[in-house]
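For clarity, chains are labelled A, B, C, D, E and F in written order, and residue numbers in each chain start from 1.
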Amino acid sequence: MVGADLANLANEAALTAARRNHKQVTMSDFMDALEKEILGTPRGMLLSPAERRRTAYHEAGHALVGMLTPGADPVRKVSIIPRGMTLGVTFAAPDIDRTNFEQSWLKGKIKVALGGRAAEEVVYDTVTSGAESDIQQLTEIARHMVGRWGMSPVIGPIAVLPSESAGPMLPGVSETSETTQRLVDEEVRRIVDESYQKAKQLLIDNRDKLDSLTEALIEQETLDEDAAYAAADVVRDPSPSKSEENPTGPDNPDN
Amino acid sequence: MVGADLANLANEAALTAARRNHKQVTMSDFMDALEKEILGTPRGMLLSPAERRRTAYHEAGHALVGMLTPGADPVRKVSIIPRGMTLGVTFAAPDIDRTNFEQSWLKGKIKVALGGRAAEEVVYDTVTSGAESDIQQLTEIARHMVGRWGMSPVIGPIAVLPSESAGPMLPGVSETSETTQRLVDEEVRRIVDESYQKAKQLLIDNRDKLDSLTEALIEQETLDEDAAYAAADVVRDPSPSKSEENPTGPDNPDN
Amino acid sequence: MVGADLANLANEAALTAARRNHKQVTMSDFMDALEKEILGTPRGMLLSPAERRRTAYHEAGHALVGMLTPGADPVRKVSIIPRGMTLGVTFAAPDIDRTNFEQSWLKGKIKVALGGRAAEEVVYDTVTSGAESDIQQLTEIARHMVGRWGMSPVIGPIAVLPSESAGPMLPGVSETSETTQRLVDEEVRRIVDESYQKAKQLLIDNRDKLDSLTEALIEQETLDEDAAYAAADVVRDPSPSKSEENPTGPDNPDN
Amino acid sequence: MVGADLANLANEAALTAARRNHKQVTMSDFMDALEKEILGTPRGMLLSPAERRRTAYHEAGHALVGMLTPGADPVRKVSIIPRGMTLGVTFAAPDIDRTNFEQSWLKGKIKVALGGRAAEEVVYDTVTSGAESDIQQLTEIARHMVGRWGMSPVIGPIAVLPSESAGPMLPGVSETSETTQRLVDEEVRRIVDESYQKAKQLLIDNRDKLDSLTEALIEQETLDEDAAYAAADVVRDPSPSKSEENPTGPDNPDN
Amino acid sequence: MVGADLANLANEAALTAARRNHKQVTMSDFMDALEKEILGTPRGMLLSPAERRRTAYHEAGHALVGMLTPGADPVRKVSIIPRGMTLGVTFAAPDIDRTNFEQSWLKGKIKVALGGRAAEEVVYDTVTSGAESDIQQLTEIARHMVGRWGMSPVIGPIAVLPSESAGPMLPGVSETSETTQRLVDEEVRRIVDESYQKAKQLLIDNRDKLDSLTEALIEQETLDEDAAYAAADVVRDPSPSKSEENPTGPDNPDN
Amino acid sequence: MVGADLANLANEAALTAARRNHKQVTMSDFMDALEKEILGTPRGMLLSPAERRRTAYHEAGHALVGMLTPGADPVRKVSIIPRGMTLGVTFAAPDIDRTNFEQSWLKGKIKVALGGRAAEEVVYDTVTSGAESDIQQLTEIARHMVGRWGMSPVIGPIAVLPSESAGPMLPGVSETSETTQRLVDEEVRRIVDESYQKAKQLLIDNRDKLDSLTEALIEQETLDEDAAYAAADVVRDPSPSKSEENPTGPDNPDN
């Protein structure tokens, strides 16, 4: 976001507050303005009840996996109001900005991204094209883990994928061998598969929470942080960064 | 379609209605306008009787597979009037717009696209180049299922094909290994082969319906929804989205 | 051909007719004009008698394979007058324009394109570079059959070659695996080899017709449809599109 | 650095000295100016205590491996003040400029670059994305050793990677075979793996020094050369270029 | 050659004739003008006697293989006057222009191109970089034979190499598989190897002719057609195109 | 070098002569001018004694291998004055310009290029990045020998590498198969390895000459032809082109 975007955002937040007769811009005015800025104005689109329910299960899947994964960023908002190209959205954000990503946190992020699709598979035993952007996002994270951040024991601490800054002016100048590209593909697959099995099991083991969060979404369309945790009957972890405080503890092998 | 296109379309529909002395624009005025807008004005082209019959079988093949596939979009119109580059056309559209594609619906769409070629093979035991655009369309669907939408168990929920938005400025920057590309090709082949066997069997099992729909097309050139279902002696499924209402039911394994 | 070309062509046909003191533009005036437009003015080039004879055998080979292949387009003209880059030419065209190509007709077209080279091999037991454009044309047909029109059982009804409309702006963005490219190459090879064996056998079995057509060409330089069929002693098939009339008949396995 | 950069740098050093009421530009004024020029102004960013501690261990890892590797450039400064995109920095520089890099010195440089990540793994048993630029840098060194400087016995004294001066105008013109690219990848992997094992073992064997250097960094944010060596309780090697004086001595196999 | 080149050439021939006090432009004036136009003005370069002798053997090798290969174009001129980038030149041209290349003639051309290098190997048992342009030329012929002209039984009458007219705007769009490219390489290798063995054996068997032609070249620097055949003691084949007259004769298997 | 460069060079040589109060431009004025033109003005750079000694051994290695290789170009000058990007330089040039490179001479050139690195390995048992430009140069020679000049029995007299004149406008249009590229890589490796073993053995066997040449370089910084041969105690081969005079002698297998 550059300066002009921030100015627009502040303006939009002020207008939202004004429309709601708030004397001050509240956090919820600001987040609604941000949502509108990023996702566009709500579309007056008519989903069939079946599609609306499916969307609710998808978003609830993201949200619940996020709530139940230790160390993952807290869920701030879940919504099934169609906007722009999306049918729903789940926001998660840390208490303070992260500048450095721990391996376990990245695996958690992949698990959360898979939560929507996992919920659809658990509930409907079928999947839809709606997970495309989730899949794109988690693939990028997994490829970075393996090919840029040294997080695969098979590849080691070596940069085998071109960095983004290499730019589009060097087409095809891959110096990496086909064998290495295959190993990267296999490692990405392994990381994503492990995360998917965990996400799915988590939702199977917590089907009641998934159903109740989904019902709340269908009824209220949008849930803020407190409402979402309450609807899912999940107690928010009071010390999200606890594991980082203990430098000698091993990485939680269960993530 | 952008605004200007819609304005043209509305205009064309009004002119069509006027030419037919309709007081109001009817649905059929609108669909004929849409057809003309997309496919071009009918060509005064002379097909040989043999070519005309073959075209009719091809379109009837698309239409009948669509009519007999549960959950597929209803067939709205079938026509063998040559327009632009096409010899005939089959329109299918859902009752409400879809924004999210279920795996079984996508397989149905591939099956319908293969219906024209399957009919030619069932009836003539030979195929023609006329299925080129069908083949292109169904290949794109199958490749998206495998490479972008996570619908192949062999590839998993991973994006292995470049998204369209990557743009033409990054030629050759495929980060995916040859091994993965081969797996994608094999999975696409498997999906298409399974669909083709089903489409062909469906037409063999319903050869009488295929013949009667073809005869009706040869006689009347264009059939609207009701006429097409009647000519094929198929009762339109009253609840096309029923399967989506039942969230716990498994995906129909027969699709 | 765009409008301006057609205007030129009409003009040229009129001039040709005028030069010949015809009161009306005849079909032969028109075809000569078309030939001149496409191939250029005859070159006053001196071929050695040996080269002239070889060219005659080459063109007679194309023509005879065309005449003896059921369902192939009738031969309209054969000529060994050098024009532009070519030493000779064989024209074949259907009675009405085709918009859809049957598999057997495409195989016939490949066989005809191989006829020139096959004749050279049958007569001289050696081949020349003169078949380059024939080879280019038949390779394109065979690659389209395999890679765009679903006519290879090994590849199936899947688009594995980029369509021409993809344009030159996407260099190297082949999404197809090396394995698939190899299969395409093998299938193209199989189709062409089968066609070549048939074309060669046809010419061996009809060596007398090949010789008499060649002698006629050497004597008269240009033969129109009737003269060509007469010189080869071939009776033109009266119902070239008969096989298409019989929708239940199988594809002639001998093509 | 071109002339204009040097002028800027001299100016910045003079301003820094002025702000500090120094009568002359001291070495520390100059180095702070250089740091600001390269890394940007310190960001008033708030790290969590856990993140700050992790950053301190990361930088201490780089520094300690540098201090304990014979022949490596002396550590000049260590800092955990966030600037631009970085959370911390470790500066190392030789007493006189190097123009020629010995193989053992290059391996030492790779080991130092891995020191940050190795420290994180030793202390937290997990790694973070923060090592991305370290990984990029050491991969480049290792690839140059193997592919440009003839330092791999498997590849030999042959240039198998394009030189930078080849420029971006020759995309894809790799003349090197896939087999050679695989060998390069394997050799790079071997070099980096060996260095990583050594860096990790060094930190395990000197955990007390790592902890004391880290604590000093957390307390003081920035340590200059003397303070850093003192905090780590390491005596700076008085003759860093000693090994080069002895032309008959073998390359230290332990590096 | 375009018009302007031809005008220059005619001019140069006239000037040459004038300088020699010829009343008319003779064939030798014309050929010297052509030589100057193509190769540049003779360089006043001083070759060592050894280099001059080696060059003479190289050109004599080309010329003698040409003289002794049935059906090859007659040798018109041999010269060891250094011009532009070349140390010597051998001209061969048919009696009438060829527009179509027989396979045996193409193999002969490859053999002649290899004659220079073969002579160096026969006489000096070593080779030089001077054959680079010969090698480039014969590789192009062999690749066209295999990949564009259908002259390899392994590849068949299929176009597997891009035609030149495809243009530089489609980089990397090779549709041909690696397997096919390997087969092309192997066939090119086979053709060239067979030709090289024949060229070398021809020179070994005719070492006396090679030596006498070389001595004549060293003495006279330039030999025209008659002088060259005389120096080599070869009787020029009176009917170079005889084999083409006999359409039933098999291709000479010895070429 | 184009005309303008030559004019500059002549000017510089005149100025050098003037500065030295020479009445005429001597060969040494000219060579110093050439050196300055190509390598730049001497840098007032301070090398450590160790680095200076290493550089001397490196240059002495090049020079000594050149002196001891029969048929190699005589060494004209050796210098360890840092200029531009180089720490030292060894000049070798033939008595008359070569326009054609014999295989044995090319192998000698590769051996000389490896001499610097071989000396470092013999003396220090380690290598440095300083050989990068040597490695680049010898790789280019070896690749040309194998891929353009037909000097590898495995590849044969076939052009398998793109010529430089193909230009940068055809990226990726490699028509050569991966298998051939691998064979080229293996042949290049074989040629370089053989040369390296010979260069190294030559220096081991003549360590005393290497040491005395090195010491002379350290003392005098620059040695001209006579001083260099004297310091190394090598008698310059009086007939460097003798082997070329004997056309029936085999290529020295020891090169």
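The rule is simple: a contact is a pair of C-beta atoms (placed from the backbone, for glycine too) under 8 Å apart; a residue touches a chain by one contact, two chains touch by 3 or more.
Keep in mind it's a predicted model, so treat the numbers as computed, not measured.
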| How far, in degrees, do you have to turn chain D to put its CA atoms on top of chain F, rounded to the nearest 5? | 60
| What is the chain whose Cα centre is as far as it gets from that of chain C? | D
| field | Chain separated most widely from chain E, comparing mean CA positions | value | A
| said: So the centre of each chain is just the mean of its C-alpha atoms; given that, what is the distance between chain A and chain F in Å? | reply: 60
| message | Measuring centre to centre with CA averages, how many angstrom lie between chain B and chain C? | response | 35
| Rounded to the nearest whole Å, what is the centre-to-centre distance of chain B and chain F, using the mean of the C-alpha atoms as each centre? | 69
| note | Residue numbers in chain F touching two or more further chains are 171-172, 178
| message | Which stretch or stretches of chain B touch chain A in the complex? | response | 96, 99-104, 106, 144, 148-151, 156-160, 163, 169-173, 175-180, 241, 244-245, 247-251
| message | Under the definition above, what is the set of chain F residues touching chain D in their complex? | response | 45-51, 53-55, 57, 82, 87, 114, 117, 123-132, 134-136, 138-140, 142-143, 161-162, 168, 171-172, 174, 178, 181-182, 184-185, 188-189, 192-193, 196
